[in-house]
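Accompanying notes for the structure given below.
Chain naming follows the written order as A, B, C and D, and within any one chain the residues start at number 1.
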Amino acid sequence: MSHLPQSKSRRQLIVGGAAVAAAPALFSIARAQPAAIKIGFPVPLTGPFSAEAQDQVRAAELAVKEWNAAGGHKGQKCELLVRDTKLNSGEAATRTLELIEKDKVNFVVGSLSAATQLSINAVTRERKVLFNSISQSDTINEAKDWSLYTFHEALNPHLTAGAVARYAFPKFGKRIAYLTADYAYGHEMVRGFQRAGQAMGAQTVADIRHPLGAADYSAFLPRIQALKPDVLVLCNFGRDLVNSAKQATDFGLKQGTKIIAPVLLYTSRVAGGPDAFEGILGGTSYYWGMEDKIPSAKKFNDAFRKAYGGAVPSDYGALGYAGILSVLQAVKNADATDSQRVAIALRQLKYDWYKGPQFYRKCDHQSVQSVVIVESKSKNMKDKNDVFNVLAIEDANEKNLRSCEEMGHKVS
Amino acid sequence: MSAPQATSATPTAYARGLFDMVQRHRVAAVLLFLLVFPLLMPYHALAVNILIFGLFAVGFNLLFGYTGLLSFGHAAFLGVGSYLTGIAMVHFGWHWLLALGLGVVSASLAGVLIGYLAIRTRGIYFSMVTLALAQIVYYAFYKAERWTGGENGLRGIQVPAIEVGPWTLDFLNPVTKYYVIYVFVAAALWFVSRLLASPFGAVIEAVRENEQRAAACGYDVARSKLLVFVISAALCGLAGGLRALHLSVVPIDSLHYLQSGQAVMMCLLGGMGTFFGPFVGAAVFLTLEDVVTTLTRYWMGVVGAVFMFFVLFFPAGIWGTLVQRVQRAVQAR
Amino acid sequence: MSATETPILEVEGVSKHFGRFVALNKVTASFQPRKLSAIIGPNGAGKSTFFNVVSGAFPPTAGRLKFKGRDITGLAQHEFARIGIAKSFQITNVFKQLSAHENVRVAVQMRHARYELLRPREAMRELADRAAELLARVGLAGLRDRPAADLAHGQQRALEVAMALAAEPELLLMDEPTAGMSPEETVVMMDLITALAAERSVIIVEHKMKLVMGICERLLVLHHGEFLAEGTPEEIKANAEVRRVYLGQG
Amino acid sequence: MEITPSLLALQLVTGIALGAIYALLAVGLSLIFGMLTVVNFAHGAFFMVGAFVGLYFLGLTGNFWFSLVLTPLVVGAIGLVTERFLVRPLYGRGIDYPLLLTFGLSWVLIEAMRLAFGVEGLPSSTPPELRGAVDLGIGYFPKYRLFLIFATAVVVIALWLFLEKTRYGLIVRAGSRDGDICRVLGIDIARVWLVVFGIGCAIAGLSGVLAAPTRAVNPEMGVHVLAESFVVTVVGGMGSLMGAVVAGLLVGIVFAMTSLFAPELAELSIFVLMAVVLLIRPQGLFGKAGLMG
């Protein structure tokens, strides 16, 4: 339709025409001097997890700023290319292709949600580009999806759930009911709890699967009510958690039953309000409140507060920070910017960016790290950021992960 | 194309001449354009998406624009095409070409099933039945995690190299990928163009115009509808299969009803019931979304507003309106 | 009635009920080939129902239809057209967006290509020519490329007749062919009908008795869903019952 | 686990409470469709806007009941503007255009709420006087959900009285059967349609306020709801208020019962229900046959 702008009917084409015209220009702005190390950062800036994603971006930009301020690598600065996945795997794959094919990024860090990280990984793996995922999933480290270029900065469901189980089951009882979002991530959570539970003789009285993203859980609750379990585990995430927690409370389940969740998101707790979460405990990869115990957390929080007018980083935000720093550190260590050599350097890396010592397990590149057990506050909160009590921190321990064999890796 | 003429002739005459030429050789025109298309696009992956969704919209338009049946279930055919192509390659290690074939065949079969049930209803109920049946397909694939990867989507679809006679093409090279997919889309467009010019093409227009009369003329309305439905499904299935090769994953969203909604939007934006419309629609929609997304976090609002604008002021769509304008210009002389 | 030849259409004890309402009550009639017959009757006599049943729009509740001795009860609408029963509707019924010529061409095409996917229709010249002939036959040769929607009412009726003829029917059914026509248009249409009847059987359903008196060889009078009388125009004119019915309703 | 009668009973009540919201949404949708033959794809968005506006007024006044009255008026007003300036130009252009326009509108509304209240949405909590659960003898059930059932009943009855017993309701029903009658009677049909669209949206907004305390309030909350209320409307028969109510409860109960026996199929079940109903009775349970055939 290259002739259309010349034809009389120009007006109808403004939109399309403008778009086509604008696009290349716009992208050439984004293109930077060849020297820079480019890291693609695809995250769901729009959609249900946009709050988390925007925090991921803030933290990642902070990491880049610090690293560049420290002189980068032999004067080579880092540039962050943020793209919106819209929490849609197709869009995530397309954007990753754009980052690799057009923007020629050296590495990709990012993703939020199991599905998008797996589709990003499918693209990067095939093109041998290093990808450091900052979102939870057990699948990505399994041999089927894993590659030398696949790293996993975030916690995984098995580890998180296990830690919460180890803390909560002995305290609150052995008859456990699960309300689970019916997708891989949810199932992985349940498996994590049950594994850890077996050791201490916990027994599953029900595992009820609910559709992902359901708005109403009332239909699942009477049955749980009738079972009178000691512990109800909400194996879902974000808004599903807010809704199910809220409605479980309405059904008076909190009398006699302790409600726990594998992952308590800082942002969804802020959004959901204290009532919905009252007394609920769960795990998280990071809570700013642990700064009094962990020096690196203090350092990170202060930098973040300074950069963003006193705001504190969220759990997923912090992952953006760590995900970038690890890769950039590996660039220094490898003295190279090609994915293969940086990957090799990453395998060796021992680091403590924000939550205590971490390292990537050799066989599957899962970052071995601590898990924080927190409980939602509903009274005497100092300010709007003061939403959790830190109950415990389970230190990083390779034993808490599934074995390399189980993940399908032949032990190297 | 032939820009120099523009200076010699009046814009109207120029537009008319060009327009007639384009209409006469519509396949040639669109293929010629698509040949140079990647150069106009910000990046190749987007250009490939436009090829694929253009085909998706063309397939949908055959049913919506030409036969007057508004289906909300076409995601089912895109998805089935994608998944079956992917499953054949990932789980059975089929050659990508065979897998693509399987994708198209399966989509057609899904078309037979859904179409057979849906054409018994009319109007908005047809739309709703197609929606409901498509949702059932969605959950079926969602549940079959072992085969489809469920919510995580199907991964591991890899087409490293393609043998064409003596040569091997690197499918990971975006340019190569574009032109390989281009070949399939080209073939499909040629087919659609022939179909529309065929006697059956006349029959489906007759059915759209007046079912009662078409039946009185001796045409089996139900069977004709079903046939178009299946052909439309097959085309969307092909689009789906190509998408699986392109993304190397199959997202579960490809079966979601919002995907069906997208087909409707593209069709209307470009101009339903016109040959080029769906492609124009797909191109504008995806480019617009892509660009707006890069400019602002509030892309949804902007795209929604633009869409409303078109519904209100250009109901015939971009290409459709252009066609009308030129025809008016022609009659004016 | 000369029973030597098998009738073109036989209606045997046909009834049509809509819920509790009986529109047709066990009507029986038989129509000879190449004759022009008319069904007449006052409003609500069941004429349209009769027309719809014999033209295949919907099946009878009871009774049988025979076409050239073959039982065709319950065949689908499109099958009626294929075996050779064509119709023109009471309310004009054409493909409004399509050109006059395309309207007829599509109708002609039915006999030759129904599910042809890849052959270009331009290549099928003979169909286009046949369509042009038919247009000329009904006096629309000049308007070949007009969209049907733009034609005058009478012209649309004529176009519909051309479409009906396109199916090469042995039996042509017409529901009030002159409804809503100007006197001039009516005359033209009646001439056309008489001309057509010379080659094939024609049955017209008509409300205006006078209109058909002149041209029909045989009339059947419907009243309250039953045949009241049957015979030549003269016989019908003479029939007291018929007079009462028509006068009765003015 | 064993299924006790009391559990079944409680599940039934849950289903009804669930169905109440479905019914309320479907009534609005069906009203608009029945009278204007407009398929309002922005209905879910109006529901979502209702929830936000409700919380906004709650924040201002601190009084749930106040916002319960005020919100429908505001959302209804938005509805009026929508009909007058966006939908009206599309009458007579066939069913798809209003449908597509409202689809675009829903995106705009979602974005608007993101801009106004932020992407994470707002915390919502049950009004104090309706907190907690009561023992129905068959088990504990949240007070608020009982209130939902009651509120829905009130709205539906009020609407029914309006349509059946008032002069204006008569006009509306006449208008829905055919506009010509009204023109003959010298009634301004355009105004009737305007009002009907407004009422439909107001009801959507009301269901938003009512639903807010039971769930997370966020810009996307309308998307799921839309699909579900379409299922309800279609099962009941587009344009039939009776159908909307019955189908709403039916869908709620089907969902609840499937959740009890095969939880993971709960969401699928309502679409299966819809497919089955439409294939047996294409016009829905209470729908007029041949609608827009």
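In this text, contacts are C-beta pairs under 8 Å (C-beta built on N, C-alpha and C of every residue); 3 or more make two chains touch, one makes a residue touch a chain.
This one's a predicted model, so the numbers in the text were calculated from it and none came from an experiment.
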Seminar exercise, completed: Per the touch definition, the chains contacting both chain A and chain C are B
Seminar exercise, completed: Any chain touching chain A and chain D at once appears in the list B
Problem set entry | Middle chain, criterion being Cα centroid separation | B
Exercise. Of the other chains, whose C-alpha centre is the longest way from the centre of chain A?
Worked result: C
Problem set entry | chain B and chain C, separation of their C-alpha mean positions in angstrom | 43
Exercise. With chain centres defined as C-alpha means, what is the inter-centre distance between chain B and chain D in Å?
Worked result: 33
Seminar exercise, completed: For the pair chain C and chain D, the C-alpha centroid-to-centroid distance in angstrom is 50
Exercise. Using mean CA coordinates as chain centres, what's the chain A-chain B distance in Å?
Worked result: 35
Exercise. Can you list the chain D residues in contact with two or more other chains?
Worked result: 264, 267
Exercise. On chain B, where are the residues touching two or more other chains?
Worked result: 300, 306
Problem set entry | Multi-partner residues of chain A (at least 2 other chains) | 46, 50
For this session: Spell out all pairs of chains that touch, sorted by label.
Result: A-B, A-D, B-C, B-D
Problem set entry | Residue ranges of chain B in contact with chain C within the complex | 194-195, 197-203, 205-206, 209-210, 212-221, 224, 227
Seminar exercise, completed: In the complex, the residues of chain A that touch chain D are 46-48, 50-51, 54, 182, 205-206, 208-211, 213-216, 218-223, 225-227, 239, 242-243, 246-247, 250-252, 267-268, 270-273, 275-276
Seminar exercise, completed: In their shared complex, chain D is touched by residues of chain B numbered 70, 117, 120-125, 128-129, 131-133, 135-136, 139, 143, 257, 261, 264-265, 268, 298, 300-308, 311-312, 315
Exercise. Tell me, which parts of chain C touch chain B in their complex?
Worked result: 55, 76-82, 86-87, 89, 93-98, 102, 105-107, 109-122, 124, 163, 166-167
Seminar exercise, completed: Residue positions on chain D within touch of chain B in the complex are 39, 86, 89-90, 93, 95-97, 100-101, 103-108, 110-112, 114-115, 227, 230-231, 234, 238, 264, 267-268, 271-272, 274-275, 278-279, 282-284, 290-293
